[in-house]
Amino acid sequence: MDQIILQLLNGLDKGSAYALIALGLTLIFGTLGVVNFAHGALFMIGAFCSVTLQKILMISQITIDESKTDFLGNALKVKTPYVEVWFGEATGQAIIDWSVPLAILFAIPIMLFIGWAMERGLIKHFYNRPHADQILVTFGLAIVLQEVIKQFYGANPIPTPAPDVFKGSFDFGTMLGFEANKIIYPFWRIVYFVFSVIIISGVFSFLRFTTFGMVVRAGMVDRETVGLLGINIDKRFTIMFGVAAAVAGLAGVMYTPINSPNYHMGMDFLVLSFVVVVVGGMGSLPGAILAGFMLGILESFASMNEIKSILPGIDQIIIYLVAIIILLTRPRGLMGKKGVMED
Amino acid sequence: MLGLNNKDTKFLIIVILLTLSTPFVMQPFSESSAMAQFNGGYPDLMQRVAIFGIFAIGFNILFGLTGYLSFGHAAFLGVGSYSAVWMFKLLSMNIIPGIILAVIMSGLFALMIGYISLRRSGIYFSILTLAFAQMSYNLAYSVLTPITNGETGLQIRPNDLRILDGEGSSTYTNLFGLQMSSSAKWEVWGHLFTFNVGFYVCAFIAICSFYLSLRIFRSPFGLMLRAVKSNQNRMSYTGLNPRPYTLAAFVISGMYAGLAGGLLASMDPLAGAERMQWTVGGEVVVMTILGGAGTLLGPVLGAGAIKYLENIFSKINENVLHGWFDFLPDGLENLLVWVFARFTGDGWHLTLGLLFMMVVIFLPGGLMEGAERIRNRFGSKGDIDETGASTTKPAE
Amino acid sequence: MSHNKTTRRGLLKGGAVVGAGLAMPTFFTSQANAYTNAPSGGKVTLGFNVPQTGPYADEGADELRAYELAVEHLNGGGDGGMMNTFSSNALKGNGILGNKVAFVTGDTQTKSDAARASAKSMIEKDGAVMITGGSSSGVAIAVQGLCQEAGVIFMAGLTHSNDTTGKDKKANGFRHFFNGYMSGAALAPVLEKMYGKDRRAYHLTADYTWGWTQQESIQAATEAKGWETVNNVLTPLATTDFSSYVAPVLNSGADILVLNHYGGNMINSLTAAVQFGLRDKVVNGNNFEIVVPLYSRLMAKGAGENVKGIFGSTNWHWSLQDEGSKAFVKSFGTKYGFPPSQAAHTVYCQTLLYADACERAGTHNPCGVGEALEGFKFDGLGNGETEYRAEDHQCFKDVLVVKGKENPTSEFDVLEVVEVTPRAQVEYAPDHPMFAGGELGKCNPGA
Amino acid sequence: MGILEVQNVNKSFGGLKALQNVNLSVEEGTIHAIIGPNGAGKSTLLNCFVGKLVPDTGSVTFNGQSLLGKKPYDINQMGVSRVFQTPEIFGDLTVFENVMIPCFAKRDGAFRMHAIERVEQEVDIREKAEKMLLDVDMADKMHMTASSMSRGDKRRLEMAMCLSQDPQLLLLDEPTAGMARADTNNTIELLARIQERRHITMAIIEHDMHVVFSLAQKISVLAQGTVIVEDLPENIKGHPKVKEAYLGEAAE
């Protein structure tokens, strides 16, 4: 029982990452009808916003300490971050410690801008092109973006720890009447889950309760009619592209303490997020969320020893297996609309 | 000739000549010149271009004609390679049985995957094929290690069974004793040309594959496949069931992929699980679109371009660059080396990404459209019809 | 065209003609060279085949730096580095056998297919007479097989699987790096000393050949010390989030977690394990501990603070104080501004060793070079007294047991050497069951 | 006994009853028009004939064989062709190829693998297609890409495609919708000519009463999912139920 609860928690956590990426992907697809293979790269860039902020905060004043030596036997250069010099050691360290949450503020404008620039500069010209062309051009863009990041940050993962207060784990088990240490879960992963729930409900309420959102939703259903009403739907869709990029970017920022970011993390998520979106049904936001959590949970359960001992290797293929079964039983995924991306 | 009309015969002859002269075409620079770095006329690359050309030609039969975008063709490439290597291990190092089994096994595999995946269309189909290929890859890498030798890949060992060859026989792939790896070299005016047995075997098979694909394009079956792409609804109401046509195309292209996989193993007897990964499946998609989907020659050009880039650009390191810009003043030299190094050596992926974007943005029809434009620019209307669309004119 | 020359090069071998119908075409004239890619024109080309794209690109970049340094030293440039401390004095700083050393580079992409393509282009196009490099065992074994067929020497780079010099060993291939068995043999006594005899270990193992061989080695070595293995869970290579594998560890009753992962897998699994607070727990009255059998500095850097206090083994570390290591760190550090990684050290040594073997053999012929390397004993390359064993071409030397440093003084200072396990302790018989099943075969000069 | 017999067909979508107890009989060799106000269920009914929809209850038989549960391509192979409201053609192919495909389908059935033969050598198919295009006055447009033609031409092409299969029953879904008067008259003339020459049975859904009364030999009036009247054209004019159906609609 404790194992099941534990894997459920894991599943919710994994699922929230899948759901967030799939949400952004679906927003772009639903509004603009573009298959964006660069979405994983946006997630990666978000993560590197966090790395960048950390690097900026760590820009250091260099003093030479004659009493110590470096590996070559020269006098040691001691680095003190300017934030510590300016705000005092304690405050400075606290700011550096909180660099990941701070990176959210840092990432939002950057991601909105990148999304906007991508849409205006590139994607705009591909609305009426075949999906295969869209895939190729955004795939090319994804490679370019990740290579640029590699040029700056190298290929090695870069550690970006969560603030100290979120280190360690929380014991759910004792709350539910289990023994201590039976069901423990890291604080930051709980934060990640809560964060994604906030983002997801934020995007949904934005679409549901604001005029802007209602126009966008109407436009997703019937772009021409909304255009006839004299509303500049293109502009709104461009903004939605920025929002989608920001959602992906924030998912990336918050993910950095869970896994140290590296330049190809976007590609690692790309295939998976497409599977999630398609299983959810192309163009359906609730479908993407549902599929994200469902696949996350199933993947977690598949990695349980009890299941692996019966079906060796099941955790290697579970996502794809589930995708195949769902697509064969439900032709358009869980909640897909008819006629979308079927030709 | 050969059941082709005059135009297509001419086209085929040009393709044959081009293929046979690859050792010259890909080796344009003198060995001693700085440009020698760009020579690609060595056996491995020529073989690879021919083999991936076959892969792309086959993929184009599915994607170019029916419009079904499969991300899972890497699985057939892998199955072909594994089957071939197993034949080398068990039966004989002669490549014929290996290639035959590769084509059969991949055909069966394609039949199974195609039968299931073709129940859906559009992106749902793409994801189904992707899922199958990724499952194959993940399993081949881990659980199926007894069959696939996992991470390391399936290799030939001196003590393998090889029933037909007997004890202690050679471990080199051959065609009735003619080794794939043997080459003749010809040095002339500072140029070095390599004529490799393996390449000519690949080239011969590639020409046959191309010829077959030409026949399919011009056949009623090809017409039906284009009808599938154009309007499945109308097809259905015209009394034609699209499914067997697409399945046939899927299996044919799967067999092409298996053939390519078998040839890869014949040239270099190692079958790795990576061959089944989605990135390889994606690579053939990219090759086809880059060259021009639905055109006959485009996919081959795309395959050549990508393999060339991968093998040549990745080898240009800063040392080589310094050699190029040696004549410049130091500051300028370093600057240029730095700039170029972003795009070559470990930056070759960046060049690849930029190339994809440039081609898709500026040449929507792929490299073939570029060739077309150049031909139009110089006024001479070539008489080779590429799209196959208008060759069904009545025979005047 | 009287000056045209038609030569037969490549791998054509007589005999073993299977089909009777086709005889050898006549345009092949007799073999001009005694072995593949015999150097000509006063230049010898080496092929450096390293990952330049993909997850190990930084490791590959560090290998390339070391290669360039080695070439510089071989050609008489720089301060000579470890050439000055090397116990063999055959190298004179005038290239190899008087030939200036040139090199070509290629990208393995950490895929056996791409690595072989890249190595083939070096052999076929650039005339490389030796191939070296790599950052994973799959690649090393694949390229080693190729070099055996093509008739060039292969000096494996970073490869830790037992199979490289076990069931996949080849006469033309040599490994300088240590292996899974040695990691186990070196680590187990230290672990016993630190954590006691009565411990229960839970293994997470990367689900491919390298992971399996390492897990097998560690399990055997620790069980010999009285530990119990609670479970061994295989994790898919593509896993990025290890939470679902780490979560059940505490409930299993284990008090040690062994992570048989490398690269990104290791960074992510260690991060997840630390996040779950495993190290703050007390199980069976013992503090819960994590062990990472194979460490590299670049990986440790990627895992950040999580490595602090965690034990593992490594091939070499820049903080070693012997003359060889100091000389290497000095010349590498002066040239590039930071200390070399173990990958850099390994490939630097191998380049020197290859050159030295050529000098001693008086030829580049792989068979001569192989003979010179087989059973070669030397010192002064940073790992104490070292031997290339003739039976399996595995290098035997001291192995380092390291631990994540608690108070790093710089971004490179993440590991500290706990113990230098003497060579005798990590040696094994060539027919040890973990290494059985392979055959070295005969050296192949390619002609 | 008509060539097409529809008995007690019911079809509902969720709570909406689209068809209720529809009975219809199309006599061989006649032109049968189905008319009715918008939303009366005409298109739903047509879809039940071609296998796109399956009625909830009731039967549809063609030449005595049930059509229920059959796939569209099977029904077509039995001799039923359909012209759509918006022309369904192979847009990427040439006009000539568009017509050849149904000729192949007629000759070879639902699937035949002829991957090695050449289209050019299929002389019988080519001749048939050429003749068909001459018939509909499109011989000059033979090598145009179908999607680049005008809407009227597309519809004529679609008609040619259906006719090249020599169907026993031709279903036409508003064949003149959106056409100018002159084009409409041309179409009427074409359909009349075909009927006269080939004796093909036709079922036409149509709004334009001019078309209906020029062509139809029998008319069924559909309103709210049921056939309210089935009679000869002269009896339909001024029929009180028909008036009610149309006026009722107009009054709303």
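Details
Note that the chains are named A, B, C and D in the order they appear, and that numbering of residues resets to 1 at the start of each chain.
FYI, contacts are C-beta pairs under 8 Å (C-beta built on N, C-alpha and C of every residue); 3 or more make two chains touch, one makes a residue touch a chain.
A quick note: this is a predicted structure, and the numbers were derived from the prediction, not measured.
Common neighbours of chain B and chain D, by the contact definition above: there are none.
Innermost chain of the displayed assembly, by C-alpha centre distance to the whole-protein C-alpha centre, is B. Of all chains, the one whose CA centroid is most distant from that of chain B is D. Chain A and chain C have centres, each the mean of its CA atoms, that are 35 Å apart.
Between chain C and chain D, the centres computed from C-alpha atoms are 74 Å apart. Note: centroid distance chain A to chain D, computed from Cα atoms, is 52 Å. Those residues of chain C in touch with two or more other chains are numbered 53, 57, 61, 207, 234, 236, 238. Shared contact sites, meaning residues of chain A that touch two or more other chains, fall at 312-313, 316. Counting partners per residue, chain B has 138, 141-143, 349 as the residues that reach two or more other chains. Under the contact rule stated at the top, the pairs of chains that touch are A-B, A-C, B-C, B-D. Within the complex formed with chain C, the chain B residues making contact are 39, 42-45, 48, 92-94, 138, 141-143, 145, 149-153, 155-159, 164-165, 169-172, 174-179, 181-188, 194, 196, 268, 270, 272, 274-275, 310-311, 314-315, 317, 319, 345-346, 348-349.
The touching residues of chain A, counted against chain C in their complex, run 2-3, 6-7, 9-11, 13-14, 17, 68, 70-73, 76, 150, 154-161, 167-169, 181-182, 184-186, 188-189, 257-260, 262, 264-265, 268-269, 299-300, 303-305, 308, 312-313, 315-316. Within the complex formed with chain D, the residues of chain B that make contact are 3-5, 215-216, 218-224, 226-227, 229-231, 233-241, 244-245, 248, 252, 389-395. Taken in their complex, chain A has these residues touching chain B: 35, 122, 125, 129, 131-133, 135-137, 139-144, 146-148, 151, 271, 274-275, 278-279, 282, 312-313, 316-317, 319-321, 323-324, 327-328, 331-333, 341-343.
Those residues of chain D whose C-beta lies close enough to touch chain B in the complex are 50, 71-73, 76-77, 81-82, 84, 88-94, 96-97, 100-102, 104-106, 109-111, 113-120, 122, 125-126, 130, 143, 145, 161, 165.
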